Amino acid sequence: MAESEIEKFEAEREELNRLVLERAGKEMKRFFNVDAGVYRDGALPAKVKELLGLVSSLVLRCDDCVTHHLTRCNEEGVTDGELEEALAVGLVVGGSVTMPHLRRAFRVWDELKGEGRT
Amino acid sequence: MAESEIEKFEAEREELNRLVLERAGKEMKRFFNVDAGVYRDGALPAKVKELLGLVSSLVLRCDDCVTHHLTRCNEEGVTDGELEEALAVGLVVGGSVTMPHLRRAFRVWDELKGEGRT
Amino acid sequence: MAESEIEKFEAEREELNRLVLERAGKEMKRFFNVDAGVYRDGALPAKVKELLGLVSSLVLRCDDCVTHHLTRCNEEGVTDGELEEALAVGLVVGGSVTMPHLRRAFRVWDELKGEGRT
Amino acid sequence: MAESEIEKFEAEREELNRLVLERAGKEMKRFFNVDAGVYRDGALPAKVKELLGLVSSLVLRCDDCVTHHLTRCNEEGVTDGELEEALAVGLVVGGSVTMPHLRRAFRVWDELKGEGRT
Amino acid sequence: MAESEIEKFEAEREELNRLVLERAGKEMKRFFNVDAGVYRDGALPAKVKELLGLVSSLVLRCDDCVTHHLTRCNEEGVTDGELEEALAVGLVVGGSVTMPHLRRAFRVWDELKGEGRT
Amino acid sequence: MAESEIEKFEAEREELNRLVLERAGKEMKRFFNVDAGVYRDGALPAKVKELLGLVSSLVLRCDDCVTHHLTRCNEEGVTDGELEEALAVGLVVGGSVTMPHLRRAFRVWDELKGEGRT
């Protein structure tokens, strides 16, 4: 997806999160807080935690989750080499069934890095 | 499991790997090599890669994989705090269905750290 | 998706079911009958069974299944509060990887309830 | 498993939960609280929520989770007929790969109902 | 597992099937019939269908299902070479997370072929 | 999808594979080679291996994988009857959650066979 599409994705994600939180009861809201909390800097830096989120999302084959963690990995300064090696772990653990998601992950990464393929 | 049980687990794992490789054809053997290769030091240190393998194994709920990566994490010097935070990411991503594996992971970790609970 | 899109979804679903049943052998046809049978009123009311189908679909992360069970839950008179609590169980059991499906589920529910957000 | 084995299972589960909570950081502890919260009486009765947890656990094929929700279903007064119909939904949604768990679920239920087969 | 253990496994499986069918309602019983039906000789021979069941079970990581299909594959005359190649497809599709099941599959196969390792 | 859409799908798949391989490190490249290798004629003919890949993809619910293996099954001369029986195994193993993918699989197959529904 083009960079503007990633922005559109993130904007839609935020809008739907607002809808969810409007509808959410107490426990669901707390879940969202816990979800935000586990990626914060701690004994492990946020960068490593985003890589953990990314690879977990890849082996569970969730495109939206992969795209979100890729934008966060980019913000945390993950390099091309680090990304490739993290995705390679996910590919081997999760098998060839992760390949369609791997292909899309590299395309999103390319767009995030502004190398703008068509 | 007690520390001797972890050793027994690793010994049985090695013995079965030998059986598999005896039976394995060319592609299966290459898969085993690739599997060994992705956890080696590179742009990302082996320690981070083992954490990626651990959390992937937790969200996919594979006890044997979790136990193996815990022994490797211990060898790579992962601290208690780092381990807890990595498992917390896995718990949130994978949900309460990972809890039985999380419980067993902490028990294995305890044994690996030699704190010998009964 | 807008209400007309849900109708389009259900229409396409029906059309494809016809294609499947045209192609289906004896066992596949019987599977479709069993699938219809398990949601009928019995010891448990159809409403509870649709909630079971909904939450199962959420934890298995099948958008089409979630959308279908949401339309059925709406027909069976599930309230907003009941829906939120059922989805909260699914979110906690299945983890943050179900969130993209949860977001879309609330959007579909909004449309089904005719509150027409854009 | 015999009734005493179910008690042993629950006792071990509690002991390991204590170990986890001793080791757990803030977010992991909050997750455990959310997990307890979503099964409480609300717009949906606890009984229905336990059935939702049971069927989710069956389709995700987690024996420990199934056993735990069966004990809770029994406490909430779920009847044999209700249980069978809930499990039938899970079997159809999750397929024959859930059968080994279905078999064990009925065995646990038998023991919980005190009908003591050998 | 030793050959006698496989026999014990199959005997327990049969006994539990009897328990399930005693408890099962109409739809669950029909599901069991459909499950038996799809592996019968047809346009595809039973041997190929058992290989399909085996590899599906491997990628879904169900040990009981793998063991059952291995006994059926053996009865249908699957050769060592055919088995290895089928499992290799499953390993690549499902990734390294299938490895513990692959190891056990080869051990069961060894026992079925009567080569009796200790 | 119409036949031209399948061609478009295969073309996009190839283009993304090129992007992946440009970015891929040594282990990822080797994984791609192993993935190609396991479907080649051997003790089992390529046709059976493609059916194994197809059914594995169905139970793991990967539309892109299903579409790819359907095109390969068509090239290997799989008949309508063989296809239906293989998919029936996948449906029963994987449950009703595979149905949306089954519907799309039959639509793709129809297009591949040139029967051109609209």
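Chains: A, B, C, D, E and F, in written order; residue numbering restarts at 1 for each.
Basically, a residue touches a chain if its C-beta (ideal position, glycine included) is under 8 Å from a C-beta of that chain, and two chains touch if they have at least 3 such contacts.
Everything quoted here is computed from the prediction, not taken from an experiment.
Note that among the pairs A-F, E-F or D-E, E-F reproduces the C-D interface, with over half of its contact pairs the same by residue number. Of the two chain pairs examined here, B-C and B-E, the one linked by more C-beta pairs in contact is B-E. Averaged C-alpha coordinates put the centre of chain D at 37 Å from the centre of chain F. Inter-chain spacing, taken between the CA centroids of chain A and chain D, is 32 Å.
For the pair chain A and chain B, the distance between mean C-alpha positions equals 23 Å. Centre-to-centre, using mean CA coordinates, chain B is 26 Å away from chain D.
Each of residues 25, 27, 31, 34-35, 38, 42, 56-57, 59-60, 65, 81, 84-85, 88, 91-94, 96-97 in chain B touches at least two other chains.
Every residue of chain B that touches chain F in the complex is listed here, in rising order: 25-27, 30-31, 33-34, 37-38, 42. Those residues of chain B whose C-beta lies close enough to touch chain C in the complex are 59, 91-98. Within the complex, the chain F residues that touch chain C are 61, 80-81, 84-85, 87-88, 91-92, 96-97, 99-100, 102-104, 106-107, 109-110, 117. Interface of chain C with chain F (complex): residues 13, 16-17, 19-20, 23-25, 27-28, 31, 35, 56-57, 60, 62, 64-65. In the complex of the two chains, the chain C residues touching chain D come out as 34-35, 38-39, 42-44, 48-49, 51-53, 55-57, 59-60, 65, 79, 81-82, 84-86, 88-90, 92-94.
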